[in-house]
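Starting off with a structure, shown below.
Chain nomenclature is as follows: A, B, C, D, E, F, G and H, assigned in order of appearance, with residue numbering initiated at 1 for each chain independently.
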Amino acid sequence: MPGITIDKDHCKGCELCVQACPQRILAMSKDITVRGYYYAQLADPSRCIGCRICALVCPDVAIEVNTHGLMFELFDY
Amino acid sequence: MPGITIDKDHCKGCELCVQACPQRILAMSKDITVRGYYYAQLADPSRCIGCRICALVCPDVAIEVNTHGLMFELFDY
Amino acid sequence: MSQYEVTFAGFGGQGIMTAGQLLAYAGIEEGKQVAWIPSYGPEMRGGTAYCTVVISDHRIGSPIISNPRCACVFNRPSFDKFTPRIKPGGLVIINSSLINVTTDRTDIDRILIPANDIAIKAGNPKAANVAVLGAFVAATRIVKLETVKQVIKEKMARKKSMLEMNYRVLEEGRKLAMDSLKGRKVKV
Amino acid sequence: MSQYEVTFAGFGGQGIMTAGQLLAYAGIEEGKQVAWIPSYGPEMRGGTAYCTVVISDHRIGSPIISNPRCACVFNRPSFDKFTPRIKPGGLVIINSSLINVTTDRTDIDRILIPANDIAIKAGNPKAANVAVLGAFVAATRIVKLETVKQVIKEKMARKKSMLEMNYRVLEEGRKLAMDSLKGRKVKV
Amino acid sequence: MAKVLMKGNEAIAEAALRAGAEGYFCYPITPQTEVAEYLSKRMPEVGGVFLQGESELAVANMLFGAASTGKRIFTTSSSPGISLMQEAISYMAGAELPAVIINIMRGGPGLGGILPAQSDYFQAVKGGGHGDYRVLVLAPSTVQEAVDLTMLSFHLADKYRNPVMLIGDGMIGQMMEAVEFPDDYQEPELPSSSEWAATGAEGREARIIKSLFLDPTGLEDNSWKLDRKYRQMIKEEVRSEKYKISKTNKVLIVAYGTMARICQTAIDELEEEGISVGLFRPISLFPFPEQEIFKEATKANIKSVLTIEMSTGQMVEDVQKVVQGKKPVEFYGRTGGIVPTPDEVKEQVRGIVSKKKTSGKSRKKT
Amino acid sequence: MAKVLMKGNEAIAEAALRAGAEGYFCYPITPQTEVAEYLSKRMPEVGGVFLQGESELAVANMLFGAASTGKRIFTTSSSPGISLMQEAISYMAGAELPAVIINIMRGGPGLGGILPAQSDYFQAVKGGGHGDYRVLVLAPSTVQEAVDLTMLSFHLADKYRNPVMLIGDGMIGQMMEAVEFPDDYQEPELPSSSEWAATGAEGREARIIKSLFLDPTGLEDNSWKLDRKYRQMIKEEVRSEKYKISKTNKVLIVAYGTMARICQTAIDELEEEGISVGLFRPISLFPFPEQEIFKEATKANIKSVLTIEMSTGQMVEDVQKVVQGKKPVEFYGRTGGIVPTPDEVKEQVRGIVSKKKTSGKSRKKT
Amino acid sequence: MAVDNKTVFDRPVALRDVVTHYCPGCTHGVIHRIVSEVLDELGLRERTCGVAPVGCSVLCYNYYNCDFMEAPHGRAPALATGFKRMRPDMIVFTYQGDGDLASIGMGEIVHAANRGEKFTTIFVNNAIYGMTGGQMAPTTLQGQVTTTCPVGRDTSMTGQPIRMAELLSALATPAYIERVAVHHPKYILQAKKAIRKAFRLQRDNKCYTLIEVLSTCPTNWGNTPGEATEWLDDNMMKYFPLGCYKDFQEDDSGS
Amino acid sequence: MAVDNKTVFDRPVALRDVVTHYCPGCTHGVIHRIVSEVLDELGLRERTCGVAPVGCSVLCYNYYNCDFMEAPHGRAPALATGFKRMRPDMIVFTYQGDGDLASIGMGEIVHAANRGEKFTTIFVNNAIYGMTGGQMAPTTLQGQVTTTCPVGRDTSMTGQPIRMAELLSALATPAYIERVAVHHPKYILQAKKAIRKAFRLQRDNKCYTLIEVLSTCPTNWGNTPGEATEWLDDNMMKYFPLGCYKDFQEDDSGS
């Protein structure tokens, strides 16, 4: 099952991933990190398609994406 | 009568005027100036048409051109 | 008092610098010597910002204060950094909205002000700094609260609604500080 | 001789610098200390170029020579500039092809060499410097003419015809100098 | 005028306007960018010229051009930016142009850091550019003094037709203090710049503003002419302040700028301990208060001269030169943006008084 | 190798090649352009890099990049060009990079002239850039010495991982003298540059070559680390030459480079007049031969110390500092490209001996 | 089905696992990542030396995991030239902001490009001086407010914003120059393609290569990261059109 | 008929009656003369300040009869900017060689042009460093021999010669930029026209103006003045085509 892991310590709460996710399944936390940021969370893991868009736009490389090995190469690059 | 005056002390003997004169009436001197240059001379004053070409190309502004007051403006600029 | 030093510290954006400047202006209004020194730290973003205000009756020598008499700390990193530096007999004012610990130093006074909560309640989340300033002035009486009010009016909030909101927050800070100290004035 | 100084001066293009360098090379060949100092004058074109060669048996101190023992002047401005500076008892060598005056100093020797004419006659108008060099060496014997010939061969004229032409010009200069001094050697 | 609370950088900017600066050319660099930001608003208001150039190198040369008009002009920058101006400063000195250059110093060498430092003393005082020239150097220690010396700088630049440099540090630039601007600023009259500036050759000979003298005699004449100006500065422009200098002093501290203030606090506190220390604060760094320091340093009661700088030791060389071996010259320095505290200063003084301190450079004990 | 007659500039170029220079970056400027012209031919022959950059500013930064590879690299320029390099030199010192920079000085300030001068002493010795740093400075007085010191410069640059500056003047650069290159040049072994250079992070941690230390403690540590190197230079790299120094000397002349040679001739001639004068010639200007000069200057027989420079007076300040008022320090200078003659030197000495000369700066009598 | 899952997006080796000092949402971080990915994919990391500028990315040497030099403001191309000339076998790239490259460093970038130095420039154009707190850059748009043009850039006094990709493409020396963006996924992928092409051309010793990347500066533009993305889209993209401005042809003789 | 005769060609007032230091046949002299004629004809001499470069024309302040500043090498545009900003009522021109303008001064000229500074640049391109004795310039042609490219310029190592008129025309800010020559009478007349237009545009406060003038350097090209004229014709004219590269339109908004 596709899924992402957000490294809370790397996240700076910019919300770019939230805005970019085609599934609209990311949301910001209610509490803040030591650095003082609200961080991104995967609100509805079951709907993640592993498209990597969130990871692509994350300026802080806070998101790791895991997905099925035979995943269709959406982005040909 | 059109004519030119070459200021020997300004002339550096570059021969550009000699090469440019359409009447081919300029020539270099046999003796040298204090600065060590052979200088340009008007070899055949009678054939000068006062066209100013020699003066135009002279980098040392050594040539003054006198000509008839009603001279045709050869160069429209 | 001959000289008093206070450090305001927190995240960038918490109004730290403004709090210090308001205090410094109030000092000038009252005819004192003042120096306001910011951290203009590494040319980089984020991190902790702080400023120190020195208020004195005479010419101020060193503007570099390693051990202020008071620290007003707005977030946890600032609390960790500045509380240990306060001079014995001094005061720490803690923004308890964001800091859920308190100091075990017994040689200083402490005041807890839920500054963010007060500000949000008053309708302007950015006014947390004013709540702390109210507490500081009430506790130390380095300058008069009236002077601070006047300065807020002149330098900060010309719009009437804003002004009143700020006054409310200031007052709230003052009240909490008084309660906390049970009316007694901090030694200055 | 412990130290001898000679200045070569003329228009740029008259081979002034080369004449000095040939002499300096000859000095080295003969195991002497030498210094060759050019005028690298104003970053501008035209004007007078000159160089001074110092040849000595010991380490050379000041390479700046205000009063050389000899000046070889190739044109009128150089004559005017350098003749007065020659040390009493010294020598001036005048390129009489281009300079139609001579000095009234009685405390120096003088040699007139129609260097340009010699050079033109020999087939290379640029060799005027070699004619003067021949005269200088003959008159002063600071270095041997043989050494100069060898240096010309090595540094200047590898082509045989050129070499021979240069030797002819050198010889002509030497001869005229000897005639002029009537066999007597200039004091060095 | 009433006192206002102002950041050093902004106070400097305002002071320049009040001294009649009509042009300001700049390039952003911490910790002085507020000057530019302030003037980007204020200059248009007063009808002056504000221009952010493409680099400090270009800015220094814009100053050169602007100064040639005879109007008052200036720039501000910080250490690396000042290094980039050295060629142009040398040219301006050679061409006898008035210009005010303000260096709000930061830690070096190289990119270093942006915290307060005093490690550009040599560059300012000995001349970082090529050739025989000097700039007049002033060093304020409070925001008020930054205002006063900025205004003075314009006057001195015009008086001597020479670049004047004001060196402060990040502390002076960033700190806010109460300042007062003179209500009616007056300066001694000077010959009008129309005597020498390039204003167009109407009704007079064309003028050339230059530092090139191909004839060595001309160049030498220019050098000695400049030298005479520098001697006049030495005669007329030495400025300094003494603090608690008295017959009881054991130690004489020499320090300038921010460092001097810190020493004042230390001296006050040492006084309470019963240790009497005096402070000599050069305000003009070139000309350096040589005679004044010699006089104070060689007094019988002085055991030692202690020079303190926010550097590894630059001004101390001039102090050594001045004191001529008549008293030991000690040095204490912190650098890289670390500002010594009054406690550190006190420790150094105590060390000297109790003979524990040995001569030479020392840094914070670790 | 046999002696060859060579222009100073070309000899310097050849010496650099023989010391193993693999890269040369330059921008034309009189009176040193022959170095570039020579190397534009020779560098390709030996497989090295020759590059004419777009400016001295760029060239100095090319040096920075080239030095980071750990290979021997250098540049040559003249006064205004050197001013443009100051920022980069400060950066290289801060980042601890070895580089050789040769300044064939000309008259300044500004565009000045192109004749020989020694007016960049301050810039070289005190540091024309910002921050606490030093460059090691060497000054040859003959073409042969220019060769020897050029080769030494590369060694010292590597030894200290610091810029080394060789300062000559137009005379040294333009003059031809006989020179000999060592047949088998050997230098003391040094740690390989592969210990620190940027050579790619294969099999090791990535390396950063930088002068930025945002943490003031780091920056201060770097400054004191540099300072320790400068102290080591002071201990190990002082170089000087004495000429006719003896117990009979009345006057001690201190002069360097071309000026020192001229003083030698004057001293020889004064000897014939019966006036005994000794010459102390600093070869290293930083480190300055402080102790050596102090020792010679304070000998009982010395009446006066005479410093002579082709400037309005720069090194003389260091001489004054060193002599500590124990003997009068006189100065004589010519500038702008005028090289004092032995006669002028003699006149100065005679003035001192006959007590006619008063202390202070003086120039050619007119 | 965990066994079938694999990590398809992860931190590249050439990028250290540290938190950067960049502001939230600043796209410097995206650019770092894609450059690192390219270094990884082409296997160049271990023979690469980067050159850091003075600007917000001054500390990028702490983020990239390869050798690095930190240059004086604007001079990265000169350092890169010096380095690459001495070590043509290594890969060299400069990473420069618009103040660094287009203002103070104009002379160096034009000349390095014109000499055809074989290094790669990643030019991060965010239309402002980020690090020093938001002053006008040569790329600041007409009317854009900055701390040194507080009423908006007046192009009648300060000239038009400089389009570096176009300007450098006017030089005759062969080069590969492309402008890309990183504020949307599709642009990020195009940007990576361009950066990869640049490093490949460098690896094959072909020509000078420069990729101009439009980037955001929410902090100094005074908006949120999301708004900054929109502002870039609506304003910068119009004045700075994306695309390849100069392509390297194998048979290019430079005319 | 002497009474009818009048002087139709004479030294302009704006040019002093002194012998220059230029080499025989060097066209710097021609350029000086036509600039002076334009100053005379437009009546600008008395409110003009020139800026001399470092290069063979460093002493041109001795030849022009108007106020002058002598700039550090390459920085004339910065001086002109500083001056003109303070005195917009005056006329300012820089006179710069190709080493001065296109090499060391690249940053300053690009930025002055881009800011649209209202001064005029006379850019004398002789494809070489004249004053310092004939080193390679950025404008030196492929294969051309100079003292620092003794076997001829190798463009694979040093890049293509820079065409400044074209490069500066790539900037968006309005300007008038034309390339002219002065080695034949007809070109001299065209050059004068262009220079006059430039000063007129400046006088009317319209835009930045630059005239690139192809010029000879017989001394460092190693030929006679006559041969130099031919060499320029056969070589420089091909690589540096004459013409107007950017013209000022009244309604120009700079796009």
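Here, a residue touches a chain if its C-beta (ideal position, glycine included) is under 8 Å from a C-beta of that chain, and two chains touch if they have at least 3 such contacts.
Everything quoted here is computed from the prediction, not taken from an experiment.
Enquirer: In terms of touching chains, how many steps apart are chain A and chain H, taking the shortest path?
Expert: Step count on the best path from chain A to chain H: 2.
Enquirer: Name whichever of B-D and A-G has more C-beta pairs touching across its two chains.
Expert: Between A-G and B-D, the larger count of C-beta pairs in contact belongs to A-G.
Enquirer: Where the centre means the average of the CA atoms, what chain is farthest from chain E?
Expert: Taking each chain's C-alpha mean as its centre, the farthest from chain E is B.
Enquirer: Distance from the CA centroid of chain B to that of chain G, rounded to the nearest Å?
Expert: 59
Enquirer: Which whole number of Å gives the spacing of the CA centres of chain D and chain H?
Expert: Chain centres of chain D and chain H, defined by C-alpha means, are spaced 42 Å apart.
Enquirer: Using mean CA coordinates as chain centres, what's the chain A-chain D distance in Å?
Expert: Each chain's C-alpha centroid was found; their separation is 87 Å.
Enquirer: Centre to centre, by mean C-alpha position, how many angstrom separate chain E and chain F?
Expert: 28
Enquirer: For chain E, write out the residues touching at least two other chains, lowest number first.
Expert: 30, 54-55, 57, 80, 87, 91, 95, 110-111, 113-114, 210-212, 214-215
Enquirer: Multi-chain contacts in chain D: which residues touch at least two other chains?
Expert: Those would be 42-44, 46.
Enquirer: Quick check on chain G: which residues sit in contact with 2+ other chains?
Expert: 22-23, 26, 58-59, 70, 72, 103-104, 106-108, 111, 131-132, 138, 158
Enquirer: Please name which positions on chain E make contact with chain G in the complex.
Expert: 27-30, 33, 36-37, 40-41, 52, 54-57, 80, 110-111
Enquirer: Which residues of chain B touch chain D in their complex?
Expert: Chain B residues touching chain D: 12, 32, 34-36.
Enquirer: Chain G touches which residues of chain H in the complex?
Expert: 103-108, 110-111, 114-116, 138, 155-163, 166-167, 169-173, 254-255
Enquirer: Considering the complex alone, what residue numbers of chain C touch chain E?
Expert: For this pair, the touching residues of chain C are 21, 24-25, 28, 33-38, 40, 42-43, 59-64, 66.
Enquirer: What residues of chain E sit close enough to touch chain C in their complex?
Expert: Touching chain C from chain E are residues 3-5, 30-31, 113-114, 170-171, 174-178, 258, 261-266, 268, 339, 341-343.
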